[in-house]
Structure formats: C-alpha cells, structure tokens
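Labels run A, B, C, D, E and F following the written order; every chain starts at residue 1.
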Amino acid sequence: MPGQDNQSQPSPTAGNVEENEDEALVWEQIKSEARQDAESEPALASYLYSTVLSHSSLARSLSFHLGNKLCSSTLLSTLLYDLFLNTFSSDPSILSAAVADLRAARYRDPACISFSHCLLNYKGFLAIQTHRLAHKLWLEDRKPLALSLQSRISDVFAVDIHPGARIGKGVLLDHATGVVIGETAVVGNNVSILHHVTLGGTGKVSGDRHPRLGDGVLIGAGATILGNVKIGAGAKIGAGSVVLIDVPPWTTAVGNPATLVGGKEKPKVHEDVPGESMDHTSFISQWSDYMI
Amino acid sequence: MPGQDNQSQPSPTAGNVEENEDEALVWEQIKSEARQDAESEPALASYLYSTVLSHSSLARSLSFHLGNKLCSSTLLSTLLYDLFLNTFSSDPSILSAAVADLRAARYRDPACISFSHCLLNYKGFLAIQTHRLAHKLWLEDRKPLALSLQSRISDVFAVDIHPGARIGKGVLLDHATGVVIGETAVVGNNVSILHHVTLGGTGKVSGDRHPRLGDGVLIGAGATILGNVKIGAGAKIGAGSVVLIDVPPWTTAVGNPATLVGGKEKPKVHEDVPGESMDHTSFISQWSDYMI
Amino acid sequence: MPGQDNQSQPSPTAGNVEENEDEALVWEQIKSEARQDAESEPALASYLYSTVLSHSSLARSLSFHLGNKLCSSTLLSTLLYDLFLNTFSSDPSILSAAVADLRAARYRDPACISFSHCLLNYKGFLAIQTHRLAHKLWLEDRKPLALSLQSRISDVFAVDIHPGARIGKGVLLDHATGVVIGETAVVGNNVSILHHVTLGGTGKVSGDRHPRLGDGVLIGAGATILGNVKIGAGAKIGAGSVVLIDVPPWTTAVGNPATLVGGKEKPKVHEDVPGESMDHTSFISQWSDYMI
Amino acid sequence: MPGQDNQSQPSPTAGNVEENEDEALVWEQIKSEARQDAESEPALASYLYSTVLSHSSLARSLSFHLGNKLCSSTLLSTLLYDLFLNTFSSDPSILSAAVADLRAARYRDPACISFSHCLLNYKGFLAIQTHRLAHKLWLEDRKPLALSLQSRISDVFAVDIHPGARIGKGVLLDHATGVVIGETAVVGNNVSILHHVTLGGTGKVSGDRHPRLGDGVLIGAGATILGNVKIGAGAKIGAGSVVLIDVPPWTTAVGNPATLVGGKEKPKVHEDVPGESMDHTSFISQWSDYMI
Amino acid sequence: MPGQDNQSQPSPTAGNVEENEDEALVWEQIKSEARQDAESEPALASYLYSTVLSHSSLARSLSFHLGNKLCSSTLLSTLLYDLFLNTFSSDPSILSAAVADLRAARYRDPACISFSHCLLNYKGFLAIQTHRLAHKLWLEDRKPLALSLQSRISDVFAVDIHPGARIGKGVLLDHATGVVIGETAVVGNNVSILHHVTLGGTGKVSGDRHPRLGDGVLIGAGATILGNVKIGAGAKIGAGSVVLIDVPPWTTAVGNPATLVGGKEKPKVHEDVPGESMDHTSFISQWSDYMI
Amino acid sequence: MPGQDNQSQPSPTAGNVEENEDEALVWEQIKSEARQDAESEPALASYLYSTVLSHSSLARSLSFHLGNKLCSSTLLSTLLYDLFLNTFSSDPSILSAAVADLRAARYRDPACISFSHCLLNYKGFLAIQTHRLAHKLWLEDRKPLALSLQSRISDVFAVDIHPGARIGKGVLLDHATGVVIGETAVVGNNVSILHHVTLGGTGKVSGDRHPRLGDGVLIGAGATILGNVKIGAGAKIGAGSVVLIDVPPWTTAVGNPATLVGGKEKPKVHEDVPGESMDHTSFISQWSDYMI
C-alpha cells in the first residue's frame, strides 16, 4: 500500500516542482475566489481578508485559520499559528497533501463550490490538516503536544483522529462530524470517508489493532470497521455497515453484519474508483435486501 | 408537499395576526420562565438577563443568543447579531417558524420543561433557526455567507444542514448532534428527527439528489436515508435504519437494509402522526426480528 | 443494581480514607507526568502549568480546566470554576468517582498513555465529571442550572447526558462524540461506552423510559438502545446494534435488529467483564453472520 | 452660553436637512478612505471592512466600533452595540454632533490625515461619542447605566467624563489621555482640549462646582481648572496652567498660578478663535517669564 | 505615623467583630443597591447579577470583579479569582481596608452615588485593592507575581503603584488615571489623592527614596512630590504643585515650585482634615498669586 | 544629533556581531530569570512559559507578547504577531535597539529587578518597541497601519507616540502613563523620560513643530515641552516644567515657566549624564525657589 508509506516518509525531492506549481495555482484560485466573494458580500469581507487575502501564501493562510479555529483560553492562537507555520515550512509534503485534499473536496463533492469554501468551511479538511501536524509530532516523539492537538480537533470539529494514524493524500472527510480513526489505522490515497465512520480497535492492548484502507476506498456514512482488517483498494463500504473482516479490492460490502454484494464466493467487482466517484447508492440494484 | 412550499415562499399576509399573537404569548411565557429561574438560581441570573430578560422581543433575544453562540475570532458577534435581527425584521415568517419549533420541542419532548429551556439550550432548535437565515441568504444568491453560517452551525452544534435544504415549520431536531441534511433535501412540517440522522446524497454531480420528507414524519436516531427518495407523510423510520428507496405514507420502515413493517405488499398503516407522538418503539411487537 | 444507588446516595464515610489516599496517589502521578511533559515540550509547558502544575489539588485543577473549557460569553469561567470547586469540596464522592474514571481510562484504553492525558484531553471523561455536577444540581431541584450545564457539554463535547441520568463510577466514554443518554437512564459501575451510543427514550410522556445498564457492561460504537430495557451486568452489545428488549447478564447482543450470540434460548455466556476487558470483536467467531 | 444649551436640548428640526447631507458626505468620504486603505494595506483590510466598509451608515459603523472597543467579559459587545444604535436612531442630534467632532479633528489637528483615522483611532473622539450616550441616559435618570459607561471610557481610553457634564459640538480632545471632566462642567461648541486637562470640582457637596467653558476655548496640555469658574468664549489657557478664577473672553491665561497675558487690568485680547486655530505657543512673546 | 504601620502589620484580632459587622452592613447595602439598579435598568441586570448579586460575600464579588477586569490572554481570570479569594480569606485586614475605602469614596466624593457604584466603577478603588494583594505578595517575597499585578493595574487602570508601597485604610484615589506611587512611598490613613499625582523617587539606587504622607493628607490633581520627603498629617498640596521638601502638618503647599500658604516662617494652619473634607480650593483667598 | 539619524537609517553591518552577542546574552539572562521565577511561583509559571520560555529567541518572545497585549476583537493577535516577527527578522537594528532599552531600564531604574521584569511588565518599554514597528511602517508609507498601531499603544498603555517621531536607542520611558510625543519630535540616544511628559506641537499646520531632544537628556515627570525647540545633549528638565524655548546642553531648566538653574546668562553646567544617572532632585539646592 504505497500511498500510506509515501505519506509518512515523504520523499522531499520527487515531484516537488510540479507540486509547487500546483500549490501556487490553487492558492491563486483561492485568492481570486475570496476577492470576488469579499466584493459581493461586504458582511464577509472582513473575514475573507483576515483569513485569506491578507496572507502571502497558502501556508500562512491555513496556519492563521487553524490557529484561530483551534485556540482556547489555555492554548493561544499565536502558539498554534507558529507551530503550523514552522511545520509547513520545514515539511513541504504536508502542504502538498493539503492541496491534494482541497482538490479532492472540490472535484468529488457537488456541494463544494470553490476551493476557498473548502479551505475555510470544511471541518473534515481542517481536521486532516491538523492531524498531519499531530502525526509529524507523534513520529518525532512529541506525544503530549500531538495528543493535545487531537483533543482540540475532537472538541472543535467533533472528529477524533489518533495522531498515530497514517493518512494518505487526496483524502475527503465529507461532513466529517463523528469520524473516529484509531492509533494504528492506515488510510490510503484518494479515499473518501463520510461522517460518523469509525475505524476502530479491538481492545487488544497493543500493536496493530485498527483497519487499513487501500487507495481509492469509499466508506459510507455511519459505517463501523473494527480491528486489524484490510479494506482492499477500490473497495466500497455501504452506509451503516458493520465490518469486522477483510474486504477484497474493488468489491462492495453492505449491511449489519456486512456481506459482499454478489456473495462471498463471487463478489461483484466494479471498475470505477469509488473514493473518487462517490457513488453511494448505485449498488442498490445488486443488493436485493435493500429493497423495501 | 405544501409544507415545504410554504416555508420557502412564505405568504406574508395570511394568518399573520394570529401568528403575531402566538409569538407574543410564547415570548411572554419565556420571559416569565426566565424571571422565575433567575430568582431561584442566582448563579444563572446574569445569563438569563443577558440572553432573555434584557431584550424587548423574541427576535432580539434570539438574535443576541445566536450571535454570541456562533461568533468566532473572525466572525464577530455584533456582525451576526445584526444579520439575524435584520432578517427577523424583514421576514416575519422566519420568526413564526421559530415559534412553531419552540412549540414542537415543548410539546413533543418530555425532557423539555419550558420554552426558555428550548430557546437557550436546544442545539437542534438553534441550528434550525440559523439554517433559516442561511437558507434565505442562499435563495438571495448570497452563497458565501450562507456557507459560512453552515460551517459555524457544524462547528458549534455538530449539526450540518446545507443552506439549500428546505425545512418546514414545527420541526424538532432532538439531541441533534450529528444530523446531516443535504443540499436538495426537503423536510415537511411537524417532522421530528433524532440525532445522527443523515438525509444524504448519492454522489451524482447535480440536481435533486437528497431525500424529501413529508409532513409529520418521524426519523429515529442514527437512521440513514440516501438519495432522491420520498418518505411519505406520516411515515416512521426506525432507529439505525438504512433507507434507499421510497417509503409510503403512514407506514413504518426498520432495519439495515430497511424493510416495511407488515411487509412490502401489505405494510401496516398507523393513524397517529409519528412526528408529533414521538412513538419510537411501539412498533416492536409488529416486527418480530427485533425480538432478541 | 447497587452501583447506581451508591452513586446517587454516596455514603460519605465508608472507604473515605482509602479513597483519599487513592486520589492523592493519582494527583501526584498527574503532576509528575505534567512536570515531565512540560520539560520535554516547552510549547505545552504553559498549558500544563495553568491546567495542572499551578494547582494545589486535583479538585482545583479539574475545576479550573472545566471552567475554562465550558465557559461562554454569557457563562463566565469564574462562575463555573466556583461552582465546580464548591461541589468537589462539599461532596467528596464526586471527586472519588472522577478518580475511578481516570483509572478506567488509563487501564482500559490502550491509547491512554497517562492520567494527565485523560484529565486534559478526554472529552468523555470531562463530560462525565460535568454531568456529575449537573446531576447533583438536578437532585437539589436546581434544574435550570443543571440543564445549562447539559447544554454546554453538548455544545463543547458533543456529548448529551440528561442531568437526571444516574451514572456509576469507573465509567469510560471512549471517544465520546455523539453519546446521548436520556433522563431516566441508569449506568452501572465499570461500564464502558463507545462513541455514538444512544441510551434513548420511547417518547412516552413521563416515567422510566430509558435503558438501565448493569455493572461491567460494554456498549460498542454506534449502538442504539431504546426504552426502559435492562442490559444485565456484564453484557456486551455489538457495534451498530439496535436493542429494544432486555439483554440477559453476561450475554452478547449484536446486529440490527439485535440478536443474542448463541441464540435466544441458549445464549453464549462469557466470563470476563467486557466493560473492563474492552473486547469489542472476539465474539465474531460465534456469530457467523458477521462473516463476509 | 448657547452652545451648551443647544447640546443638551437639541432642536430636532432646524438645520436637519443640512446636517443629514453633511453626515452623508462625511460617511461617503470615510468609506472612500477606508476602501483605499484596505487596498493599499492588506494587513488592515479585514479591520477596515469589519469596522467601516461592511456597514450601511455612520451610525452603524460607530456603534459597531464602540461596542467592540468598550465591551468587557461582563458587558457584552452585542448589548453595547444595541444601545448605541438605538440612541443614534432616536436622537439624530447625537450623530450630527459626532460629525461636527470629526470635522473638528480633521481640520484642526495636523496629525489627523483623514476622517476614518479619527473615527477609528482617536480615543478622544470615541470617548466623547460614548459620553453623549451616557449623558442622554443620565438625563433620562438611567444613572447606573450612564455611570457604567463612564467607567468603561475611563478604563479603555483613560478619559474620565462624568455623564452629567454638558459637552458642545465640534469638540476636539487631542491625545485625550488623562482628561477629567466633572459632573457640572459645561464645554461650549468648537472647544479644543489637550490631554491631561482637568475640569475639576471644589469638593463642595453638591450643586454647580465645575468649570464652564465658552465657545471656541483652547485648553493647553496638563492645564487644571478647578471650581465653578467661567472661561470666557475664545479664551486660551496655557499648558500646565492652574486656574481657579474666571478668565475673561478672548484673553490668555498662563502659569501656575495662572496670570493673564498683558496683566489683570489690561489683558491682551486676541482675535482668532483659539479652539479652532490651535495656536498653543505664539503668546510666548507676550509673556516674558516664559523666556529661559 | 501609626496608620501605615497598622496597614502593613495588621493586628488580626483587635476590632474584628466590629469590622465584620461593618463589612456585613456595607455588603447588604451593595446588594440592595444592585438589586434596585437591576430592576430599574434591565440592560445592566446581567452585569449586576454576575458581579454582585450572584455572590455570597463581598470578598467573592470583589474577587470575581477584579479577576475579570485584570485578566489577559496569558493571565486567566480563574487564576486571578483564586488568588484574590485566597488572600481575602487568609487576611481579613485586607477586606476591612477595602470596606474603609468604600466608605471613603461614598462620603468624600459627591459624584459617588452608592457603594456599588464605587465597587464596580471606581478604578482608583479597584487599583488599591489589587495593590493590597500585590503588597502582601511582595512582603512574602513573591516578587514576580506582585510585579505582574502592578503591571496589570497600570495597563488596565493607568494607575502605577509599586507593590512595595505601603497604603493605609480609608484611602481615596479620585479619578485615579495617571497616579504613580513609588516603591518606598508610604500613604497614611484617610488620605485623598487626585488623578495624575506622583509620589516619585529621586533616582538614588536604593533605600527610602519616596514620599511619606501622614494621615488625612489631601493631594490635588497633577501634584508631583519627589524624594524622601514627609508630608505631615493633615497637610494639603495644591493641584499642579511640585514639592521636593517636607511640608509641615496641617499646612498647605501650592505652586511650582511649591510654597507654603502664609509663608515659610508662619504658615497658615487649618483645622479640618483635608483628606476627608476634600476642600480643593478654599485656600485661594490666602494665596494671592492665584488671583488672575 | 547622530543618535536619531542612526535610528532611522540603521547601518546594518557595523557592530552587528557585537550586538548579536549582546542580544544573545540578554536573552539567555531573561530565560534564566523566567525559569527561576516559574519555579518559585507556580501561579506565574504558565504565563512565563507562554511569554518567554517556550520561545526560541527574544524576537519571538517579544512578538508573541506584543501580539497578545495589543490585539483586539478586530485586530487579531496572530496578525500582529506576524507583523512583529517579520519586522524583527528583516531589520535587526530594531531588535538591537530593544536590547539597549532593556539595558537602560535595568541599570537606570532601581525598581527594575530583572530584564524579564522589564520585558514583560514595563509599558514604556513595550510602547517604544511597538513604536519602532509603527515608525518603520510610516517611513514605508504604510500610514494607516502605522496609525492603527499608535492607536493601540494609546489604548493599551496610555502612551501616545506619533509614528513619525524618531526615537533613539537606550531610551527609558519610566512609568510611561500619559507620555505624548508628536509627529516631528526627535529623541536622542540614552534619554530618560518620566510619565506624563509631553513633547508637543504648536498647532502650525505642517513641518517641524515638535521638540528635539539630544542624547542623554532627562525629562522629569509631567514636564511639557512645546514647539520646535532644542533640548541640548545632557540637559535636564525638572518635573512639572513648561518649556517653550531651547535649553542649552548640560544645563537644567525648572519651573512653570521654566528658567535655567544658575540663570540665563551663566547657567549651572553639570557633568554627569542625567538620562543615565536619573538624578531627579539634586539640583534643588541650586534653585532656591524650590525651598518651601
């Protein structure tokens, strides 16, 4: 599952030129959107200037926005701002992952009308970016700070991602409220996860005890996946499903308890990438039990 | 489904006298409750005076309360206060819908001991009132501001209602945490929705892609309804159900995948209005599978 | 179910010496952890000093932390601080229950690396401690204040516990987001409840209408238990289950609708205490339907 | 002294059309300045939008700005905003006095480069506008609220004006820090007062015990005027002077104790209006003692 | 000068019963005033409840008010509240001095219409109470904390009192802005000091280098007293005076440089206590130079 | 007057190595003091960690502290923090001037017990550092931002320095409340200025209209210097003096109106540097009029 490996051991050279260009394009687009919104909506102009237009880079804008969103009376915004800014500067892979996440939201979610909308308003997006900082701190053995950030994400966004979890690029947490991702979970690239999804543990005291999701996976709202199970690349998990066993690549699992569409022996295999197509419901016809 | 139509195209004349009287009665009741609470509980007196007793109308009290609840370091309370107040003044149907929602909570939820309790403490109530403002802005094509409000509701109350959604009057979001309602969803009058309920989309890029709920519907906790399906007037959806197909009026659907109580051919039909009676569990005896 | 009774009518003498010692030990441990973290992580030192190290007792530290977490522009932190401090002073059983909860998190949750981590970061822990204050106020008929606290817990932690609910000692709300516990619910000692769990009502207007959980129960993520049902001591409810009928002690119920593992007539009985072992998934092999 | 009388008993009809036009012109100018500043200085754009550009009138902009400047943890900005807005709406003379004060600062103070600079940054200007609200409340016998506002002005701006004091139009408090104006003081129109100036009492228990300043008076920095004395129209008081006796119109008093320039019998009389020309020092040559 | 000695070495037994009664009377009066104000002025009711009416004692009300006034983003209100409350509890002489100061303001200042007005709004009063805490900390060699409080008083109230200064009881700082009192200064009982007064040092590196004021002294606005000089009991210093040499008891010094009214050899001696009568100006007739 | 010229046109190379070393020494000292204070005073530890100990350089600590001190609801701390940090990075002369000011306070003011005390608590020090940023912005023609900072200094510290004023290094504003320094004023190196001092204008519409102070000057409390006058190097101005004419180097001017000690023709000349010795009062014996 190369997606995750890339994420936690970013190669700082390959593709950087391209990524920098991409980041610059997205940032220009965000500023252009914010400028237009500020003009058409004076009540929002102040907010857009302080969060976007007054900043010289996406890294600064995002650091500022997260610092102000996550601060509390005991964790000052200036401290958080500093922390984010230093991280984005020292590890460019974190910012390029953020750009990939912006693109994911913009192109997969029909309700996402602009990059700036995602940057400013998507709690799933903001939670993941904070998680990337927390994860970096976790790997550097700065656990108390990493756990403090996890706690702030959980308080502010109602999204609970353990700083040990490894999350790929181009990931969309749509709506995001209630998502729980455990310590040893792995999420591949181009995965889409709806709200209330749990990638939970088994209660074993240590070691790998959380799910591993391959690239391009789609997890429907309220699905619960527990234990050290593999959800193969391109697999699709129906809303409300409860999954405790491996799901093969490019298949679909639905129900509580979950079963494979088409049956265990000869499951139906699809060809689109569900994490990107976000097709939540077209498998209905294959699964007769969904018929009322 | 006339309920929704009324909501988004309020007739500003019919019934206004009556509604104004009703609003006045409820506001008097709220002030009387707050006065009594302030006397019996000095620790709370300050809070009750600033949120209720110091205001000359329900519109001002609610605007003040929402402005302070939803403000952030970049969206000042004074700006939000202004926005709410202007809206309540220019569109009386929004306030009369709020009054209907207060009555819904007061009479349907046994845990709701007073109007003021709902006004001050019910995040579902406060989320819907903010949504009504966001929806109005959405219809006026002030999308960036509408989306900002959606984001604040989601951060502060963990309730995510797209500003495009059309919500009727007399609606109760009980407990409310985790409710997600998509852009083209429609919710009728006198509907009750428990927490963790999703009225979600199908991933299709545009057009109607979310559920439409008739008047008087009751949706149990954690139910997931996906796609452009119709939940007929007076229908009841059991807790934890996953529904992807139309449910006929006055019937009950339960389970994951959901089935109709009494069977698809001859479903059992009830006569009470479940959105008002809030009867979550009496259908157990009809649905043998619920028996452990 | 003696656990609950103890909780709402604490015997202020029995075991106090022991409990005081235990509290002292845990507080010493918390300070030692915080001291070490402050040294290794300067960015967090300020936070740790203000929340832990500058205080002379666990009661003060917890009161300070909760006052700052739960305050709003209309409920000042100083007021809340006072309220918590007075309660911890006048009713030592509340603090000793907090210590038991700290131990529960520390020993049951493999992701909980220290007492101070739980004290500062676990929203489930913080929600329960606030609930204990709210419950005490509720019993003293200070309902408006109790309901205000419920509302703040729901806004800040996305955990909704009615102040009337009776909660035992040594209780763990893991992840906690989305937990809803109704007015007449009872939760025994040493119970573990995962996120998104509902102990909900039936809509009947008054009287006992919520579940009663015996000691040592484990409720998996997203489970919904509705009505005045008894979940016997040591029972285990699988993730995503919907339960509307009594579950016998030491048995396991899974699925939507829930069924007993081993069957209704001769359910399989386990011997460990699931609320303590946190074994979420080992019952898979007994429940063939979970097989994909 | 008609200036003061006008101020406390404004004739609401005469000259209103003209004043409204004047207000509109100044407000247009302020918005134009703010727009230009926001463009040239992105770091400030957010501030300028929230304080000026997002508002539909000078009254709203000023109310917003003062509400945010004067609020505290126990006096919420929304409450103050409401109070200012209601007052500006119900008493147009207060807003027209503010416009006259803006003009005074703009044309008399060479350091005042724009109307918006005065509106946003001049604590003397902001203190007087708040005083006008406090004075109105005082006359309506709402003394506790009037005194609270006095206290906030003193905390925030270090300017202490008793709400009973009557202040004319076109008044400039330059630098303003440390100005103290007592309960029965009267300040005419077009007066300029530098910082650290005291218009103080005599300690008599009641009745008129503070200075009365005629129109066009100029009081230099640090001057102390005590007791029920008259400073005649167009008089000039040198910096650091201590005055306890009447000063005739159009004369100059300097020194501690103060003496008239030119002598008590035949004091030198000037012809310019010192409150408008702000000539602080040209009288040196007439007062030989100032020579070092 | 026994006043000062009493202040810094309070005898905790003598007169305590009487003082407690006095405190109780004043506190009852304050609550009664606040209750009446809250009723007549709803806009202020919230403020009055949170600062006065919700508290069980003057010590709590004052601690709460000062905690909220002096807090900053890095010095939390809860920390300050605790500090004040502990001090008032452990050293009753500090609270009884506060009561004497309340009486001083109420009876000497004609603009002080109630005890609650002074308690809530008089920055001089609030600055002195904070100083008493800082002074106590200074004597306990907790210098960094004492100096932090000095800094907060100077920021918030523009009053700069070194924590080493010894201040008696029944002291009134009228208007208070700009008062500066140095480290080794001593202020007797029943002294009144107007705004902008300096009790300053001489620049000598250490030791006694600031003024010592006897009981009943009155210092006019803007007076500057420098060096280790004695201002005898009952002496009066005119506004704007500059004093660098001892002033005998019951005499009056005026001017820059200051001279004794009546002359150095046979100064005029008065019989009232100027610190209590607050007679600022009646000495004019004795000092011909004040004549313009 | 080379001091000022250096200040506004810093030579970035000469002496930099030395200055960097000096800065490093002072910063080490500050951290060591803060560490010791944090240990001895737990109540302050949090504050010291967040303002000093958690930072990697003096520039970051000072930027953080000023950002939090000067922020308002419309000027966020993160914006100010950024602004300060960028300035300290791009113009090292500003930080080295801050170090010189720290040394000035530490060695001249007997009440200044440590560098960290000055850094954290001296409003005069903090006002000057903010002014240096404002001055730099002024020279870059970013006037609106420069004037906003002036306004914040005036609100927060009651110190009003026009951003156009040129201030040297090693300057001490002792107590600082009420200091006013005009647009074209110039303050040399190693100057000490007490509180309430005015370096004011003459009301002329433009051009040089404020005082110019040479190196080593000392200005006593409450002195008022008006107009384009020169105060020669090493001159001393007595407290409360009013000066409107040039004062020769190394002489002393006292009184209102000010006269030279020793007389205009043969003024007494001193040899110490009064701005450094801070000798406020030893000239008494030379000026007989000060004798009472």
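Convention: a contact is a pair of C-beta atoms (placed from the backbone, for glycine too) under 8 Å apart; a residue touches a chain by one contact, two chains touch by 3 or more.
Every value quoted in this text rests on a predicted model; they were computed, and no experiment measured them.
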Applying the touch definition from the top, give me the chains sitting in contact with each of chain A and chain D. B, C, E, F
Touching both chain A and chain B, which chains are there? C, D, E, F
With centres defined as the mean of Cα atoms, the chain at greatest distance from chain D is chain C
Any idea how many Å lie between the Cα centroids of chain A and chain F? 50
Averaging over Cα atoms per chain, report the distance between chain B and chain C in Å. 29
In chain F, what residues contact two or more other chains? 43, 46-48, 50, 54, 68, 73-74, 76-77, 79, 158, 177-178, 196, 222, 240, 256
Footprint of chain E on chain F - complex, ascending: 37, 40-41, 43-44, 46-48, 50-51, 68-69, 71, 77, 108, 110-111, 113, 117, 120-123, 156-158, 175, 177-178, 194-196, 220-222, 238-241, 254-256, 277-282, 284, 287, 289-292
Quick one: in the complex, what on chain B touches chain E? 38, 42-43, 45-50, 53-54
List the residues on chain B that touch chain F in their complex, please. 73-74, 76
Of all residues in chain D, which touch chain E in the complex? 72-75, 79, 83, 142-145, 147-148, 150-151, 154-155, 158, 160, 162, 177-178, 180, 182-183, 196, 198, 200-206, 209, 222, 224, 226-227, 240, 242-247, 253, 256-260, 264
In the complex formed with chain D, which residues of chain B make contact? 46, 50, 54, 60, 64, 67-68, 74, 76-79, 81-82
